[in-house]
Amino acid sequence: MKKYCSILLTLFTFHVSSFTSKAQDINQLVEQVKSKLNVVNDYIAEGKMKTDIAFIKAPVGKIRIYFKKPDKFKLKRETGISILPKGGVTMNIGSLMTTNDFTIIPAGDMLVNGIKTKVVKLLPLNENSDIILTTLYIDEANRLVKKATTTTKENGTYDIEMTYGKFSQYGLPDKLIFSFNTKNYKMPKGVTLEFEDNATPEEKANMKNKKGKVEITYSNYIINKGIDDAVFKN
Amino acid sequence: MFTLLRIEIYKIFSKPRTYLAFAAITALILIVQLGLKVDGNEYAAFVLADLSNTLQIDGKIINGYFVCYVVLQLLLVHVPLLIALIAADMISGEANMGTLRLLVTKPVSRSGLLIAKFLASAVYTIILLIWIAVLALFVSMYIFGTDDMFLLKNNYAVQIEKADIFWRYAGAFFFATLAMLTVAALGFFLSQFADNSIGPIVATMSIIIVFTILSTMSIPIFNIIKPYLFTTHMVAWKEFFDVKLNADNETIAGSLQRGDKIIKSAAILVLHIVLFVGASIWVFKKKDVLS
Amino acid sequence: MPIVSIRNLTKEFNNIIAVKDLSFTVNKGDVYGFLGQNGAGKSTTIRMLLTLIQPTSGDIEVFGLQLSRHRKEILKNIGAVIEKPDTYKYLSAYENLKLFAKLSGIKPSHQKLMDQLEMIGLAERANDKVKTFSQGMKQRLGIGIALVHNPQLIVLDEPTNGLDPQGIADIRNLILYLSRELHKTLIVSSHLLNEIEQIATRVLIIDRGRKIIEENANTLFDPAQTIVQIKTANDKQTMALLQDTIWSSYLCKENSTEVVLRMNKKNIPQFIHFLATRDIEIESVQPRNNLEDYFLQVTAGKQHVHTFKN
């Protein structure tokens, strides 16, 4: 989990530039989003996580997410094993706004789920960053990030889509969908020790759907009540 | 009948070789457990290497339930030898020792004697499996704790929730018992035809090894005969560890992906047991005891 | 009342005739000697009597019941040692005895089992594993097992095989004890005539699966019918001397070079005295009974049924 946080740290270390007025508007918008999120010093979120990957059969699990400024983040499944996409995911938009090492480029408007959004491209200044480009779709009226698309060097491109409700005032989503590409799965029989091929051709075809999704539905947030640092240790 | 059964069980558990099987099982399981305790994370990393490219899997992969699955996968291939050691000796061993003729001159019916003998080897088989369950499941649960099970199949991976596992093991052990009783019945049947136990033990194992090889080789010509080999059905206990998905691609707790397959395989194994034991009784009733 | 009545019993194994048309009767109280060479069909017959082998044809009745229909009732009253006295080597004498008692449908007390072991001389080794026993001890345990359920009929197949002389004597005494003191009926098979001679009240001889003779032992072993073969320095001269004496009527073979006479056993010293007073040098005197003479002929592979007289 730490890994995603560190990547995110780099991801959203952005730089405020000001060479066009449009850019200034955008910078302002980003600042507004950031200040909204800055209200939250820490939170504990409860919710359900569903891993929807074609070749993984996984149950919906109850999770608990811990966040503490500036970048402490922990996702704990209440019981059991959690399967998350590797490298680059965080379900915490708060981390977005904590650093300033990015160039911000405005890229027009776009509808996301019927809502008009401002498209903002973030280019990392740090050349060692895994992230090549992040595109944010910001609901200008509510100052909320509706969608984020990130392209990385190592881990492909992934999308985060957020739906807001009760906690929109803090910029915290009710639902988050993380989409990513997966590689084909095939295990050698020597490892699985399964010598019979049970899957039907239809099932096999379904399993080749390379898009994976992790959906988190938040039921509750406990905001700014303080969290012991021990929680973030393994 | 009950007296006969008690006598046969008493005889089995008076033989040193019976305990050899328990010792072998204990040693094997403890070795696997020790290996996974010491190097479990490396093992998990190796098994999950392919998935780790795109996914991060957090949690106690190497937990008691998973360890038990690994042990069963490795062990259930070898347990038939330990079953054959006793079952294939039930009649041939007595013939070799010369006690068969004494037994047959006692006022008990031959079919009663045979049924008691088979039931005694079944009791041994069940006790052996209970011992495996105690060591592989309960001891592993104690040493490694419990968590969800994350299993790799050929075409997909399955995560089964912790609360949804125990009953699957109950089912798997019950099924494994049927599979091992089939081995016992085969050994028992072959036990009729020799005056020493080596022959039937080797014959039983040879049949199982050859059939298992045919069952596991993915060669089209063998695929045709696979459904007719009982060894193909012996591994269906693994089907307890696969779950159905709902329309939202979520696993359904308490479901079985191929419940029908378990029932079919179980029925085929029961049929084999009935056939082998029935044939044993038929042959033995007509047999001239010359040993 | 006949305890065992066998009629026209035949057993074929893959077209080899092991027993052919055999009939005989064992009466209550008999020690029934069953004589024949190795492979004559004794064991096959005994195994058919004990339901180990199914007859090809023929009838077996025991205690007046058909064996094929009343197997269990009949076997409850038979105790047997077949060929070797094999028992469970990994169990003790006591455990073996208890186990077979239960199989015979009885549950004897500890004391009863110990008494039984005492009778066969194994009380002190009761808790030792059979694998530590000598052949003689195993044989005694085998007989103990045969007797544990107090059967009416006891079948002992070659009970002295592999025993030392002391062991043979022990078994012989045990058989006589069972017969005379406990009034059991016994069938004892052997290929050794002298063994049977010492214990049997009735004798059956079979060869190549066929009955040769069934007769009371006191007839077969009649001392009045003892055959005496005498070796002298000059047998021809001895034969000539015997002519025209009272002894010539006892000669088996006249005009023979062998001196063989049939006479009552008690007359042998008198005959030797006669020869000695005539200065005949005697090298050996070999008395043998009628049956032995006959048995030797059969076991030599020559069947001379017609020459047998009794």
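Going by the order they are written in, the chains are A, B and C; count residues from 1 in each one.
One rule holds in what follows: contacts are C-beta pairs under 8 Å (C-beta built on N, C-alpha and C of every residue); 3 or more make two chains touch, one makes a residue touch a chain.
Predicted model, so just to flag it, every value in this text is computed and none were measured.
The interface carrying the most C-beta pairs in contact is the one between chains A-B. Chain closest to the overall centre, judged by the mean of its C-alpha atoms against the mean of all protein C-alpha atoms: B.
A centroid comparison over C-alpha atoms places A as the chain most distant from subunit C.
Separating the CA-averaged centres of subunit A and subunit B is a span of 47 Å.
In this assembly, the C-alpha centroid of subunit B lies 53 Å from the C-alpha centroid of subunit C.
Between subunit A and subunit C the centroid-to-centroid distance comes to 99 Å (mean Cα coordinates, whole Å). Residue positions of subunit C with contacts to 2 or more other chains are absent. The residues of subunit A never reach two or more other chains; the list is empty. Within the complex formed with subunit B, the residues of subunit C that make contact are 13, 47, 50-54, 71-76, 78, 80, 82-84, 86-91, 95, 99-100, 102-105, 145.
By the touch criterion stated above, subunit B contacts subunit A in their complex at residues 47, 50-61, 73-74, 147-148, 150, 152-164, 215-216, 218, 232, 235, 238, 242-243, 245, 248-251, 253, 257-258, 261. Residues 1, 3, 50-61, 77, 79-87, 155, 180-183, 185-187, 189, 191-199, 203-204, 207, 212 of subunit A are the ones that touch subunit B when the two sit in their complex. Contact residues on subunit B toward subunit C in their complex (touch as defined above): 3-4, 7, 10-11, 14-16, 97-99, 101-109, 286, 288-290.
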